[in-house]
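Alright, structures below, take your time with them.
In the two assemblies presented below, chain A is common to both, partnered first by chain B and then by chain C.
Moving on to the complex of A and B:
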């Protein structure tokens, strides 16, 4: 089991990181021999919230190694000084007044729940 | 007269002229579905009750002259990734179970306003992840042109349903080619508009920066009219764009004189099936004879498109699919210990192999230590790909590409090697990365009788240019028109 304290999640909303994180990053600096070890696949399982059987883990390791080897083609590409492009068009936050435009749909919404109790979603006990 | 072999527009005209009632139109499509869908499995869910009820309302409005849209009364199908109020929406996944959305996607609502009638929800690759419609929890869809072959994907159910006359037209979604590639394999028209043209509200997200909704149809004119109906800025999708003008159908002038067409030599070399190349280049010749100016050029960066796409799409998917946790809707595992175990077991049992593969890849490329090397690298490669298209569109109005490197492969072939399957989208993914519009139209068949699709790519917001070229081709070469190639099963 790996230490969860060391697992730092990065959201893909980038939080303004994109300009300054890796101007120093070039293809050459990224060395990838792509052996996915048990610890990495365990870590990915935690991030992805998936529980894999032993057999599935081995398959996932092989698949990921193959895919990463293929993705490595990108390292041929010199991207030094190129700004990461998250959107092709300039997108901005769009603000509007929070005006209620729908009615109370709680019954329809809860009707989809796998398990409900009265007017709530029912989930397993979370606090000991 | 077989209603099922008409274009949507022709059917709409007959309905308006009272030659056919809306109910009769529905009858003929449901009859066709009952005859052929056990063979090809295009549909996951039919909504007959809702459709007939809606037909009465629409007929009444047509009779009163309150509804004059060319799509009024025309039966259509929607890919099961689009939310439909009160109608089961599965994304072809076990994890959504019998989920019934409490609202409809904006595109569905807009078609509803036109009086088009939803008749069912079509099969697809699970969560739109796949290129063959074989990853569906509900079993694969088969290609109406050859039932040993796939219809393409991920909008394979929509493409097969249109080609087999099981609906007048269909909606699909396209993240890396998922409208254009199946349209090519099934011999019909498919268009992915410029990113932001159609609201993504109610489209269950896969790769949000790439996803677009678009029509699959039996003619270029249908495609333009449907696109007109579903395009609009929507305050419920902050990435939707208000365009100065729409009017795609008005752009259908049968004229390509002086149109500058670029053929990327790197699209027509290694990796492209020779027969497919020959059929497409012959089609380009038709446009040349009609007055277009055709030139070869190097687009460059072609081989980087797929790796860039898979990093970005998987990263976005890993984030988007985190909402499926067994709490609010769909499937929940019945064997777990505590909350986190419930999440993990639900997701592990609820998602199929390809979806899990992409969620894991996406989680990995976004994780600390790999984020710069993979995710940011891909965003930089995307910027370069966009620049390459900008350079091309400084010289050309339209870029011609194949819809896919081959015609439809046999069932089971692609699943053996995921990377091989990913490569079937090599000519379509760049268009999503660069946010461009692309249309595929049928231009002939290979030696096995399988349809070949030609893709016309335009610069951002230039749907009209590619529609005009597609329309010109379709008008010139009568025998490749989709309705002449629809498959009688």
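Moving on to the complex of A and C:
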């Protein structure tokens, strides 16, 4: 139903297309002026567990349209032959050893509970 | 003639890894702690907390990948899977979608229809969620985050299975491989191994797959078999009535033997995955893979082959003994001490399994030491104790791991071979039971059994049964 830009970017990386998003999209979607329809904003709201008023929806639509337009600008760049960046820092293999370093954290954790019962968070009935 | 249908099944198997700590924080993974005691800002998704990957998780995942013939991904990384649920405090699960740690493996399974390969599509690392319990009193749900952040490996098969038998054989194979590696205890009931079943049906000979459903909440081998049969029937009925199977997630209720569709909004497969920015990529070189490979223990299939060559025990016994690594270890360690594989196998196959059943003990929970079982076997072999006493002593070993040499001495359980003592006891039995003596003399051979019993009773069960019988016969016949 919705195909946000991040989905496109990532699916290219996943398919091993060397991150050549520009190849895929340039020419097809350079035209500015994305439109987000009512159905899409409704769906994004459901996914984000947000109930938006009509006014908020219109504002969110405009924001999202701007974002998509900006992605088009990025897509104009020629990224042919450039390795996809999987992380912003040139660092890898940061690990910890499998050693217990935390004790009973229940009081600190439960201090964040909006509603607490004994030693647990109490939430509206949810079937797992 | 009615149409013939084929069932097509793929599995997603989740395995909880046997690490001491969680995947991204130093909280304990120990089972059964009081609610929320094993939690910290990382595993409860507090803003500003930073996950750091537990290296042992990667080591275990690699061990499983290698043992299932997977290709290891040289550079892998984590992604966020976004969804809202009270057991998921971050509102996303850290998982691997785009670059899972391993792909394209397989295991071989054996069923009545022969040996077959089940391909593994991919395998990835991820974190477990918390636990929700329904509170009857308030009609609310209670959340315990002790399991939140416990490391999991999810193994996704190709749709290569065609029956419940094949599914069970595949799971059993995975369980044995992973248990032997020590990467997980794989207990279905406790949830350290879980399976989601993707199932569709198609007419035999059809080249394309039917629409599949995904079934969750299967926590025993029996439940899996029942759920597969029920879902196959349900889908065939829909098709026969001219309807269409809907792609959906269904929850199996094993008590009602019925599955029902989960609410479609929960089922929205739009998890909006994106790369996890708080964790850096994992680069796995040949040297790392080689280190794991060379530390790989002997797996079940290899062990079974070796048992056939090395030990003179029935193949059936070898299969049962190697079904649990712990049991196989016990067998080998005991045999190494007493050099009597047949006797060791017998004690494990008969008395040990009997007591395990009686006491509800799992193989992994056995406490007795191999040296004590070996000593007991020697005591029985050199006739220091008779077989009845040996069984009693074994029960003490099974329950308390006592030293049989000391125990037999202290309790005075050694067999009475002393003919004089036996004769005294036999005479007593004869004088106290004239009726049995008369019966015997009138040709009732069976009456001797009662007299043997009475003599043994006087000897506190320690008489050498052969000698007891001999003495009684000679006394009665003269």
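Points worth noting:
Here is the rule we use: the second predicted complex is superposed on the first by the 78 of 128 C-alpha atoms of A that agree within 3 Å, B and C clash if a C-alpha of one lies under 4 Å from a C-alpha of the other, contacts with A are read in each partner's own complex, and residues count from 1 in each chain.
FYI, a residue touches a chain if its C-beta (ideal position, glycine included) is under 8 Å from a C-beta of that chain, and two chains touch if they have at least 3 such contacts.
Because the structure is predicted, anything quoted here is derived from the model rather than measured.
Look at A:70: by the touch rule set out above, it reaches chain B but stays clear of chain C. In the superposition on chain A, contact is made by A:52 with chain B only, not with chain C.
In the superposition on chain A, contact of A:82 is made with chain B only, not with chain C.
By the touch criterion defined above, A:62 reaches neither chain B nor chain C. Chain A is touched at more residues by one of its partners, and among chain B and chain C that partner is B. In the superposition on chain A, A:100 makes contact with chain C only, not with chain B. Of the two partner chains, chain B and chain C are each touched by A:124. Across the two superposed structures, the residue set of chain A contacted by chain B and also by chain C is 7, 10, 47, 49, 86-89, 91, 93-94, 96, 102, 105, 108-109, 112, 121, 123-126. In the complex of the two chains, the chain A residues touching chain C come out as 2, 4, 6-7, 10, 13-14, 46-47, 49, 86-89, 91-102, 104-106, 108-110, 112, 117-128.
Those residues of chain B that touch chain A in the shared complex are 97, 99-100, 102-103, 195-196, 209, 235, 238-239, 241, 301, 303-304, 307-308, 310-311, 315-316, 318-319, 322, 325-332, 336, 338-345, 347-348, 351, 356-357, 359-364, 366-368, 371-384, 386, 418-419, 433-435, 460. Contacts from chain A toward chain B in the complex involve residues 7-12, 18, 21-22, 25, 27, 30, 32, 40, 43-45, 47-52, 60, 63-64, 66-67, 70-77, 79, 82-89, 91, 93-94, 96, 102, 105, 108-109, 111-115, 121, 123-126. Contacts from chain C toward chain A in the complex involve residues 19-21, 25-28, 34-41, 44, 46, 52-58, 75, 77, 82, 84-87, 97-99, 132-135, 138-145, 265, 268, 270, 272-275, 277, 279-283.
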